[in-house]
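The first chain written gets the first letter, and so on, giving A, B, C, D, E, F, G and H; residue counts start at 1 in each chain.
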Amino acid sequence: LRSGFGETVFCQGKPDPYLVEIYKRFYDRDGEVLGTRASKEQFELVRSIVPEVQYDPISGILKVERPGKEKKGCIAVCTGGTADIPVAEEAAQTAEYFGCYVDRIYDVGVAGIHRLLSQRERIAKANCIIAVAGMEGALGTVIAGLAESPVIAVPTSVGYGASFHGLSALLTMLNSCANGISVVNIDNGYGAGYLATQINRLAVK
Amino acid sequence: LRSGFGETVFCQGKPDPYLVEIYKRFYDRDGEVLGTRASKEQFELVRSIVPEVQYDPISGILKVERPGKEKKGCIAVCTGGTADIPVAEEAAQTAEYFGCYVDRIYDVGVAGIHRLLSQRERIAKANCIIAVAGMEGALGTVIAGLAESPVIAVPTSVGYGASFHGLSALLTMLNSCANGISVVNIDNGYGAGYLATQINRLAVK
Amino acid sequence: LRSGFGETVFCQGKPDPYLVEIYKRFYDRDGEVLGTRASKEQFELVRSIVPEVQYDPISGILKVERPGKEKKGCIAVCTGGTADIPVAEEAAQTAEYFGCYVDRIYDVGVAGIHRLLSQRERIAKANCIIAVAGMEGALGTVIAGLAESPVIAVPTSVGYGASFHGLSALLTMLNSCANGISVVNIDNGYGAGYLATQINRLAVK
Amino acid sequence: LRSGFGETVFCQGKPDPYLVEIYKRFYDRDGEVLGTRASKEQFELVRSIVPEVQYDPISGILKVERPGKEKKGCIAVCTGGTADIPVAEEAAQTAEYFGCYVDRIYDVGVAGIHRLLSQRERIAKANCIIAVAGMEGALGTVIAGLAESPVIAVPTSVGYGASFHGLSALLTMLNSCANGISVVNIDNGYGAGYLATQINRLAVK
Amino acid sequence: LRSGFGETVFCQGKPDPYLVEIYKRFYDRDGEVLGTRASKEQFELVRSIVPEVQYDPISGILKVERPGKEKKGCIAVCTGGTADIPVAEEAAQTAEYFGCYVDRIYDVGVAGIHRLLSQRERIAKANCIIAVAGMEGALGTVIAGLAESPVIAVPTSVGYGASFHGLSALLTMLNSCANGISVVNIDNGYGAGYLATQINRLAVK
Amino acid sequence: LRSGFGETVFCQGKPDPYLVEIYKRFYDRDGEVLGTRASKEQFELVRSIVPEVQYDPISGILKVERPGKEKKGCIAVCTGGTADIPVAEEAAQTAEYFGCYVDRIYDVGVAGIHRLLSQRERIAKANCIIAVAGMEGALGTVIAGLAESPVIAVPTSVGYGASFHGLSALLTMLNSCANGISVVNIDNGYGAGYLATQINRLAVK
Amino acid sequence: LRSGFGETVFCQGKPDPYLVEIYKRFYDRDGEVLGTRASKEQFELVRSIVPEVQYDPISGILKVERPGKEKKGCIAVCTGGTADIPVAEEAAQTAEYFGCYVDRIYDVGVAGIHRLLSQRERIAKANCIIAVAGMEGALGTVIAGLAESPVIAVPTSVGYGASFHGLSALLTMLNSCANGISVVNIDNGYGAGYLATQINRLAVK
Amino acid sequence: LRSGFGETVFCQGKPDPYLVEIYKRFYDRDGEVLGTRASKEQFELVRSIVPEVQYDPISGILKVERPGKEKKGCIAVCTGGTADIPVAEEAAQTAEYFGCYVDRIYDVGVAGIHRLLSQRERIAKANCIIAVAGMEGALGTVIAGLAESPVIAVPTSVGYGASFHGLSALLTMLNSCANGISVVNIDNGYGAGYLATQINRLAVK
């Protein structure tokens, strides 16, 4: 196993017996577990075996976390709109679970550019910035143009019609004209939070 | 024929005899003609029959224009980068040909947002704004968020890889989170210039 | 905020507490609110807080509107079939909310061209025409060829098979051979209504 | 072999020795041959072996045809624009080669609907109508709505940007709201001409 | 209205009041009505107003038909598998409603070519053949190679994975190497039945 | 290195110095080399260093082969048309190079099903059958339905329009209704020849 | 019927009466039947007629199998993750039904390459290897590079976002850089199991 | 301008006068310039004005670089094959230009996994790893599973057929099952090199 990262359980689609077995095994071994994309039913199932498990219905995070973690460095998590918050929370809570300090800057989409500009100082303090956006997905580019730290862009499936379930935002982000930006899968808050943690650790170590 | 708009010749792909015949016929009837997407070879061919024809190799515009037109109202034509200028010029020269005053604001892409913000006053004066951009194509959204006039977004085929010849910019623009924006075909500067002229005339009439 | 346009709430997908909080805040501040893409459940939720709210189940419009608005100018809203009416109503009611007079011309698809031709005079009176169509989506082109005002084409997701949820109509509209036409996202009646309002105001100001 | 149809050679991409061998063999056997999608180089190659071969550079048809064929029935071949003529000629000359009378009605695209309406009587006389159009491809629908005979729609690769090499016109035609219309491959004039011949023969037999 | 074809109601997605109003109006005027893509709920709704209406749950046909129609000519309707039968029945019952004799030849897919070959004589008797197939969609090509009459290919959405809801079968049919074949929209049995009727009438008139 | 297979050089796109260096190295080590997708220029370049190299311009195979190989077992290589022969030859010559006996059965496409049926006995003798086809790509399905041995289907980029450079044939083959068929990349004759060799060896060992 | 393979019933989407009739007919004739993609409802329906039928809810296999089959040769079935197991079981149970010995090697995805490497010896013993993977789908390539036997890659629809329901894994597998690999449809465990049986029989016969 | 990064000129597609003017301006101001995607003709043009410019035809890098830069930290640049080297060199030389030490590990594709495994120690020393691969694109996943540092995956357009000009590799990388990986545009070596520099600086600062 990689040093400094506990095991994660990707809950979505796991049949019940598999889910319970894996979750319990990691819990017994490590004393804490991070689960992602869990449904309310899965929460209740796991709780019947691991009573201290906690569930956040917005992000789908299902975790047991050892208390008293010191949160180091700084990761900024930004969203274009409120509908992107579930994905942003998956990213933010993942990074916090792995020991990072997270600054949440939500609802600063580029259609109202001054909301974003008014947050420049907070963004400038982060070692890594996660930009979460659906529909046109332009948030990452504008942030990457303003900030000096690496930007991880997360397209979301928020939208309708020609958003094609996140494809539009994904293509926008891949074609960014800005320097210092890369992209993860549509709705992959976990992946962004993990990668941001790696980068933040390089900065604070 | 629609009042107030002369006939236009879409030159690209027209076999030589068709092109010459059509261009000459409109010229004889109206005394001026607007041609679009013409190649240098087509320019030379048409010039052998209509010696006063003028050609702009950047935009591909091939025109005979009656002198002394009064330019009314104001249309702003903005681009994200320098590679978008050919499409922007097709739009701008189309609008000028149809009697509009055009303000060119080039190379103000959103990866360097302050270049765009420094042009806010010029943009605010236009009755209609044409936003030309390739790759991620986010220019139109930011402008539509800043300005009160209608924005016509023109995706360009500028880019490589996942730009898919303009598809990325097109989807971005269709999914814009801003109010007051619509889209024309990839690289369709002419269509944007024509539509902007209609809107500008409503404002100045 | 942009002058002359109240704030709009895009209801679809908003978690309940967010929706209620935002709707109430705008209502308290402005005395009127326009909500779009609301479900019946969202209507009932909002009504429990803002009892005067009104809901149209066809268009999904959820609004409180100040009475006695003068409706200025003229926008024509046309559809190809009856299944396109929900999107058309989103457009029409948006434009009315923002103070425009709207003329509805429904079920005039191009497969029966005489229904459309018999409405030419009504179409000719509009400062801006919204053409709403699914499946093959050719309505906008024929109207743009007949009328002198700008046409905003709205593709709808009506259809089956190779309509690919509105993609077919979208591509048709982007490739229109007519002059004076632009396109918004699939099913985006609101966007069309907003843009048409901007254009109509330029004409009547 | 099917009764009443000679053998056809699809020339495009055939290596030179194959092309010559096949063309000569059919010629020797039948005394006439229809070749399609031939280049000028292929014409010269075949002519060196079969001197009486004739080539039309617009349609790419490379044929030896027995003189004095009676042309029966009536097929109408319509196009949206002049750029669609090469595909239309492939269809028309195929149908003529197989013994049909063909009425050409070119450049009657739906962006100027009155050009099409003024040809209604000619269209009404045909046993089968071939509608050739690129870009938005709406011609077939309007014709199928006007006429009582079957319509074969041929999308062309004419266009740019979001026409995606004929995909837009193809989808339009597949989603036609009109009754009595079917579609062949992009640029497949030959296939339309063959099928129209079968239908025309049913009518005149 | 076109001579010899009654009005059809496309039921899918029509709001209840619209459906009832239209269905009743046509019934009162013509004494018979053909409805397509109706659900069981729509059947019950219409029956409460038009008690003599009949419903076929396989094809979704909802009709009132005048008795004693003479069935003329011959249309063959073939399917690749049993799952294609609903679409085939939409085609067959449409053609019968419009006065054609229909020969059903089901489950003769090309993966077991002898089932198809053993039906050659029945196929040869038809004036027009409808080939209905999903997944790989090759049925139409093999039939068109065997038969002399026109073939209308109907791709179905039957399949999974890379069938992409009928796209695979659609592309197969558009790219057919056989002569005398054209294509309608995915699952469009109605369109095939209508067009086949037009062709069959040309043959029997 | 895998037992029984020499090293292969994929020539396409290799810069000249890399190509020469790799080709020479394998030649010196093994005394024979198989190169694929080589151009005529690459042939001449390699010949200047390895004079005994042989080039087949149809398949693009550039090889030095040790004489006197015994050809074991039997692989049938079938094509739909003559334009598929280059890909078929890449497959056939690859299998021969690796020591298989190959039976070539070309131009047996399903639009003329009797050509294929007349070859049933040859096909039945093969341990593995390679079915090469473009456009609609249905050859593999019909063969897999007739034969008892595994079928490897190779889609080709032969075609135009909605063949989308081999996508249509690829999807057809992936959706085959027949048992005992799998697919390789578009135009990947080499991959099919290699895999068929593995299967043939299992049968003859 | 092909020698050595009983008839299979593809249950998904079959209307109830068809399913029961076909299943019963095969059962009466052969004494055993293999059904695939059956739902729990279909199981209960068939059991009411054929009481000895057995159902596996993971794979959807619904079978009556004659006891005492000897299992010959060896097929390895590998998966990238636990979510791919349903498809893998369809493949494995199909191969066992047709008389093959199957070795299951699950959850050996390439993101943790040592799990796979530790299974090299088991993989090396198989006559044919089935590699089942979703998301990035790289399992087949790594196995084909390690093993000498043919690899059948099965993409699964496991994943989210840009996995596009299995398209990503499918394309990965088609573009494999390894030798000796071919691909079946997304989620097509049955097809892989059947083909692997054919190959295994060649090896053991 | 962002601290610590000089200005870059994206040369591809820039008209000659624009290119020369921009390149000269940056050179005069900064004394060094990095140009990317330059052709040989552009090199000669720029050299006529800036004689000390240097050109690498493999990567297309056209630069003037101040001598004596200290190279800090460590970035590993890995490729799957030799055809990916041009993109890898764009990444590597960009990172070196911005002051990073780069370790090149080429031709370690996953079809021969031991080549990659034998390089584990070098990979483990890097602060950031760039994984460049076309076709199936699985390199990044395997590296991310082995290494603890962040991985930037660069899909390349290397391949043919269903690689769809890099789309296959792009999707593979976006769907990676490994932790700590993100993606840039197809062939975007520059973007990867820039981002890796940012990350490397965080580690060494």
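Heads up, the rule we're going with is that contacts are C-beta pairs under 8 Å (C-beta built on N, C-alpha and C of every residue); 3 or more make two chains touch, one makes a residue touch a chain.
Computed from a predicted model, the values in this text were never measured in an experiment.
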| item | value |
| --- | --- |
| Minimum number of chain-to-chain contact steps, chain A to chain E | 2 |
| Chains touching both chain B and chain G | A, H |
| Farthest chain relative to chain G (centres taken as mean CA coordinates) | B |
| Angle of the C-alpha superposing rotation, chain B to chain H, to the nearest 5 degrees | 90 |
| Equivalent interface to A-C, taken from G-H, B-C or B-H so that over half of the residue contact pairs match | B-H |
| Distance between chain centroids, defined by C-alpha means - chain C, chain H (Å) | 47 |
| Rounded Å distance between chain E and chain G, as computed from the means of their C-alpha atoms | 35 |
| Shared-contact residues (touching 2 or more other chains) in chain H | 161-163, 167, 170, 174-176, 179, 185-186 |
| Chain-chain contacts as defined at top | A-B, A-C, A-G, A-H, B-C, B-D, B-H, C-D, C-E, D-E, D-F, E-F, E-G, F-G, F-H, G-H |
| Touching residues (chain side chain H, partner chain B) in the complex | 12-15, 18, 155, 157, 165-167, 170, 185-188 |
| Residue numbers on chain C that touch chain E, as the complex places them | 58, 82-83, 158, 160-163 |
| Residues of chain B that touch chain A when the two form their complex | 80-81, 109-113, 117, 135-138, 141-142, 144-146, 159, 161-164, 167-169, 171-179 |
| In the complex, chain C residues that touch chain B | 2-3, 5, 8, 127, 148-150, 152, 170, 174-175, 179-186, 191-192, 194-195, 198-199, 202-203, 205 |
